[in-house]
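One structure is given below, encoded as structure tokens.
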Amino acid sequence: MSPPATSLLVMTRADGRSDDELRQITITRNWLDHAAGSVLVEFGRTRVLCAASASEGVPRWRKGSGLGWVTAEYAMLPASTNTRSDRESVKGRIGGRTHEISRLIGRSLRAVVDYQALGENTIQLDCDVLQADGGTRTAAITGAYVALADAVAHLRSTGALKGEPLTGSVAAVSVGIIDGVPRLDLPYEEDVRAETDMNIVMTGDGKFIEVQGTAEGAAFDRAELDALLALGEKGCADLTRLQQNALGVSVVE
Amino acid sequence: MSPPATSLLVMTRADGRSDDELRQITITRNWLDHAAGSVLVEFGRTRVLCAASASEGVPRWRKGSGLGWVTAEYAMLPASTNTRSDRESVKGRIGGRTHEISRLIGRSLRAVVDYQALGENTIQLDCDVLQADGGTRTAAITGAYVALADAVAHLRSTGALKGEPLTGSVAAVSVGIIDGVPRLDLPYEEDVRAETDMNIVMTGDGKFIEVQGTAEGAAFDRAELDALLALGEKGCADLTRLQQNALGVSVVE
Amino acid sequence: MSPPATSLLVMTRADGRSDDELRQITITRNWLDHAAGSVLVEFGRTRVLCAASASEGVPRWRKGSGLGWVTAEYAMLPASTNTRSDRESVKGRIGGRTHEISRLIGRSLRAVVDYQALGENTIQLDCDVLQADGGTRTAAITGAYVALADAVAHLRSTGALKGEPLTGSVAAVSVGIIDGVPRLDLPYEEDVRAETDMNIVMTGDGKFIEVQGTAEGAAFDRAELDALLALGEKGCADLTRLQQNALGVSVVE
Amino acid sequence: MSPPATSLLVMTRADGRSDDELRQITITRNWLDHAAGSVLVEFGRTRVLCAASASEGVPRWRKGSGLGWVTAEYAMLPASTNTRSDRESVKGRIGGRTHEISRLIGRSLRAVVDYQALGENTIQLDCDVLQADGGTRTAAITGAYVALADAVAHLRSTGALKGEPLTGSVAAVSVGIIDGVPRLDLPYEEDVRAETDMNIVMTGDGKFIEVQGTAEGAAFDRAELDALLALGEKGCADLTRLQQNALGVSVVE
Amino acid sequence: MSPPATSLLVMTRADGRSDDELRQITITRNWLDHAAGSVLVEFGRTRVLCAASASEGVPRWRKGSGLGWVTAEYAMLPASTNTRSDRESVKGRIGGRTHEISRLIGRSLRAVVDYQALGENTIQLDCDVLQADGGTRTAAITGAYVALADAVAHLRSTGALKGEPLTGSVAAVSVGIIDGVPRLDLPYEEDVRAETDMNIVMTGDGKFIEVQGTAEGAAFDRAELDALLALGEKGCADLTRLQQNALGVSVVE
Amino acid sequence: MSPPATSLLVMTRADGRSDDELRQITITRNWLDHAAGSVLVEFGRTRVLCAASASEGVPRWRKGSGLGWVTAEYAMLPASTNTRSDRESVKGRIGGRTHEISRLIGRSLRAVVDYQALGENTIQLDCDVLQADGGTRTAAITGAYVALADAVAHLRSTGALKGEPLTGSVAAVSVGIIDGVPRLDLPYEEDVRAETDMNIVMTGDGKFIEVQGTAEGAAFDRAELDALLALGEKGCADLTRLQQNALGVSVVE
């Protein structure tokens, strides 16, 4: 499966990236007029609209606790995929994959939230995939963090909270093994060919929030796992820098 | 923007438009990479993504008829409105308003489709409101027509059809009576204050496809109805020109 | 499309009516023993049972406002149509058409309700189609108004309200263009052949509450629209008289 | 609560019936124009519309068997009860009671159907309660049998079947113990007070199809059970005669 | 229909039981660690897990009444039947049969509950069929009573109630006529062949709570009904003894 | 938070296990009579019934491919948890967690299935949690593999397949960090206290199928991740031996 030595240069990816390189990442803040925070995030052709709606109060089971709440919902527009997929509202049920990703996004963001500092406010993240080309969940997490940061700033500006409810930043990226080679940030055409597929969510200071690796074809060994983790660490660090730039945070490296 | 004290005639609208003037209209074609046709249409701050997915074959009840089919679905993203609205997929049901608008869009487009010429192909229009500021259904129809025209051109280019399945164009606009004054293309803040609210869908050659007028406050008389119809005719004619420009059609007036 | 002069007599409708004539209309009050108001309304073979249930209190979002509420639900019995239709309760979903008509009936009645005078009472209209032969929604509105009037009288008799919450009466009729000829109050066999189909809801004093016109075949021009509006005005005026007779109101014309 | 000895004769029921007497029973055939058979059946104030829709063919699991199928659905209109009940189509679910009664009606009718003679035809019974005053399920079965007989005659008249698919007739009645006294055909006000409540479904020749007895208060002993069964046999025999009269069958007793 | 004298020995049942004999009955208490009461009940190969969960408080409609509540839910595991059945949670709807049996179990248990003595506590019975071989509903009732008794004892031990909320015991058994012979406690292979099928629920002191007889094939006459009732009385008395043994109650006969 | 040196021996777990020790594992095959394979698997007090139903044929989208299919559903009985949880069939929706675990089990088993060798047969795994005390998904996977192996053997014995569709075995275990200490196979009381929680699914020959790690409290660093992976490898190896023993496979180590 390894290429003959003479063709090494040809082994680049379809879009010309090196194996540990992210796609073109674009983070556009304030894409909507109403939401407390809103970001159109693009990982290559993957395009996700992340909106953070802030409201006073918390769900019933949390009332009077003095603690805030952050939650997330993920969905794909029907025409976002190569062949149109049916609308979940029309089917009357949310599919397992949608549920799973919504829960992942929520958990990932909550890992950097100090509920005490948030106070009894709720921030609801909506991540709607406008166009899907692989890595929608990791783009969603990466964009949602920026929308969340904007929503928190908005709440602070209105006096709804005082301190800093964010204890760090969050970014996420997919990695996978394609034709035996570990690669970063898979577009759809690589994703479907990957033997192993992993999504990694990390804090801005390099700790893991989620590690989800799946053998799509053959099971993977510990060496392959280690290679994927290293790639993921690299990708999340790159994304963290891009998030900070977008937010206008000066970063000391 | 506030009128001089002496000038009742200067009772212009919050956004400075005259009563028979459309908001800033933008029609961006090919907003998506996958769909056969896709349009981001903007009526002021109202922003609707209209995607046309084409597929060979027709629903079961139509098989073997030689006739095509065109259908539409409308939905709003949760954060598209002033205060976030719950996701219909999560509620497990499509609300009455959503149903009603989806049906209206489908009927409106089908009014200019020659099923025979379309052949046994199906075109599915998805109109997803990214941001809502009044007039989402009329923006959706206006944009969906352009996406439909692109999808038809796409089908022709792939040889899936030969003739011209579109017998005309379709545009739609809202009109209403605010403080006794008939106005064209209402943004949200006018819409909620309107005594009478009417949506008008017309062909490019000035015939009516749908007329839906509703007394929100007091019932309206025939003279008011006539005034609204005239405004609607004017607005649809303007929108038709903008659609033709977007499609690069040379129009002889 | 116009018939040769010699065949004019043959051009009458299948049921012998003239083009601007209603079908046989029957309004039977107090058809049920329990409901505050109940009417079996018949437009020819179309038969709709309209029941008005009155209850103290209003929905949660309206509590403490001092204002009442009126709402409506429409449904068809499975065997009401030519070929049996599936039961929506069994399908687990209300179809778009049902939703749309329920909303139309509710809006139409609310147009003549003074919520202040109604006080914090709720009147729920149930319009169940026992037999369908075209015009079920207009029969439902016409009958529901009478049931509503009876329910209001009932509430007054029990002391639940004092003033007059009804600011007028409401009637509705369908009109359409069949073979180029505008006709009033279409039965099913005309409805399916109509090029244009319009439902008109008016107050007893001749103002419009709803105008919903749809091109089923070709789009319609302004002259056709005007002809349909005139027919609708005539039909609603006739229905208003029949409602007043049924209610024993003396009408000065 | 026990009456003075001298007034025993006064112990009649609120509506003056003797304990083993049916309410006023009315069976109106052909109440609808479309259905193959349709009956408005009244047990006192209980009013159920029973419609039998016939269609060629059978459900998929029965295709090619040469056997027919009979099925039933029961539902209550929202305003049929003393206080309005929510519409099951709006709730999106059929309640347990509705399911249970639909199944009972279907089983009861199928007990007298010869599927071979019916051939691959389906008859669907819809029993919709227009007004409920106790005994709706037994009224439904009793009326549905007559509608079924009419539908069978209709199928025979159209040549869709030849022989006699009905092997007998079916009638049903409720019985109960109120204040220690067994009574026939309970209206709502007796039903809610009954210690024991039993529904009995029988063939026209006096055999049992269903016996469903429930202790609402205290459990009942064998003597009480026997008394209820005897009352039920009497009531079903009376109803059988009324069905035969309605169908114009001459009965030799 | 009776066999010739010489073949009497051959007429025994597939499992060698006499016609009025129960299958092997096993009642295992405390099968779960968490529930207030839990019983694995086995009627031959039919295996039902009955769990009683106790909680303080009652449903909203009963609050402040001083009365308790007992309710039940029945379900079958997908693989409990001969051929796997679909999961109702996946179908998104509870079937009619499930609803019906859940209601039957709840009613049966409530017949021996003194709500006043129970106080404002709720006991929820869950009866999950792990393996089905006929008679699952009667096994469920029989086992659920024992779990209920344990839950009541648990509530008493925690001081949540003082008196005795159980006014008696409950057992249930199925009976049927197979090849003309009445038989007790039918396994699946007899159940499907039964002409008449009856479920009988009785109190420990020999009174009836529920009698549900259904003609699966031909209708049954009064003599057959009497024979089935007698068999059911015998079977319930046997089950009552087994319940008391399981509960360690000394029974004086 | 680390204990003083002298008390190290006292730091054992509530159940006395060492940190890298599994709970008492029990694998009972053939727990049901009908299913092609069935296993009651116990990880301490966690008890999951895993049933494998085999059927000829595959889902529609796979017909004619010559390939088989394996799928799984997971569910919890209402009384399996400390406080009763609502039944998903009654709620009418499957929750996100249930969906997620069902998908995980299916993917894990499919990783060792050779579809070609399975032929057009479907095996459906049902994993129903009878009692939950942490680690239900890992117990389910571990037990489901054994049920799957039995179902495959069953299919081979009936001639439905010939070769060996299983390319290896699958086991799963949870690991977590509690009070800074990595531990294997967490019961509920450890699970709720875990800062990091990881589920690891591996093949019998020591490769990874799934790695799902989640920071419940603070994010975790690479060293912690490595420690958890090592623990998981150890646990899966132990479980593999227990599976092979249960299946009577002689294992050469």
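Letters are used for the chains, namely A, B, C, D, E and F, taken in the order the chains are written, and counting of residues starts over at 1 for each.
Methods note: a residue touches a chain if its C-beta (ideal position, glycine included) is under 8 Å from a C-beta of that chain, and two chains touch if they have at least 3 such contacts.
Note that this is a predicted model, so its numbers are computed, not measured.
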- Moving only between chains that touch, what is the shortest number of steps from chain D to chain F? 2
- Query: Among all the other chains, which ones are in touch with both chain B and chain C?
  - Reply: none
- At what distance in angstrom does the C-alpha mean of chain E lie from that of chain D? 28
- Task: Express in whole angstrom the distance between the two chain centres, defined as the mean CA positions of chain A and chain D.
- Result: 61
- Distance-wise, how many Å sit between the C-alpha centres of chain A and chain B, to the nearest whole number? 34
- Task: Two or more other chains in contact with one residue: find those residues in chain C.
- Result: 92-94
- Note on the structure: Going round from chain A via chain F, the chains run A, F, E, D, C, B
- Message: Applying the document's contact rule, which stretches of chain C touch chain B when the two form their complex?
- Response: 93-97, 99-100, 102-103, 107, 111, 168, 198, 202-203, 206-215, 218-222, 225, 229, 233
- Query: Given the complex with chain A, which residues does chain B contribute to the contact?
  - Reply: 32-35, 38, 45, 49, 51, 53, 55, 73, 75, 77-84, 87-94, 98, 124, 126, 128, 130-131, 133
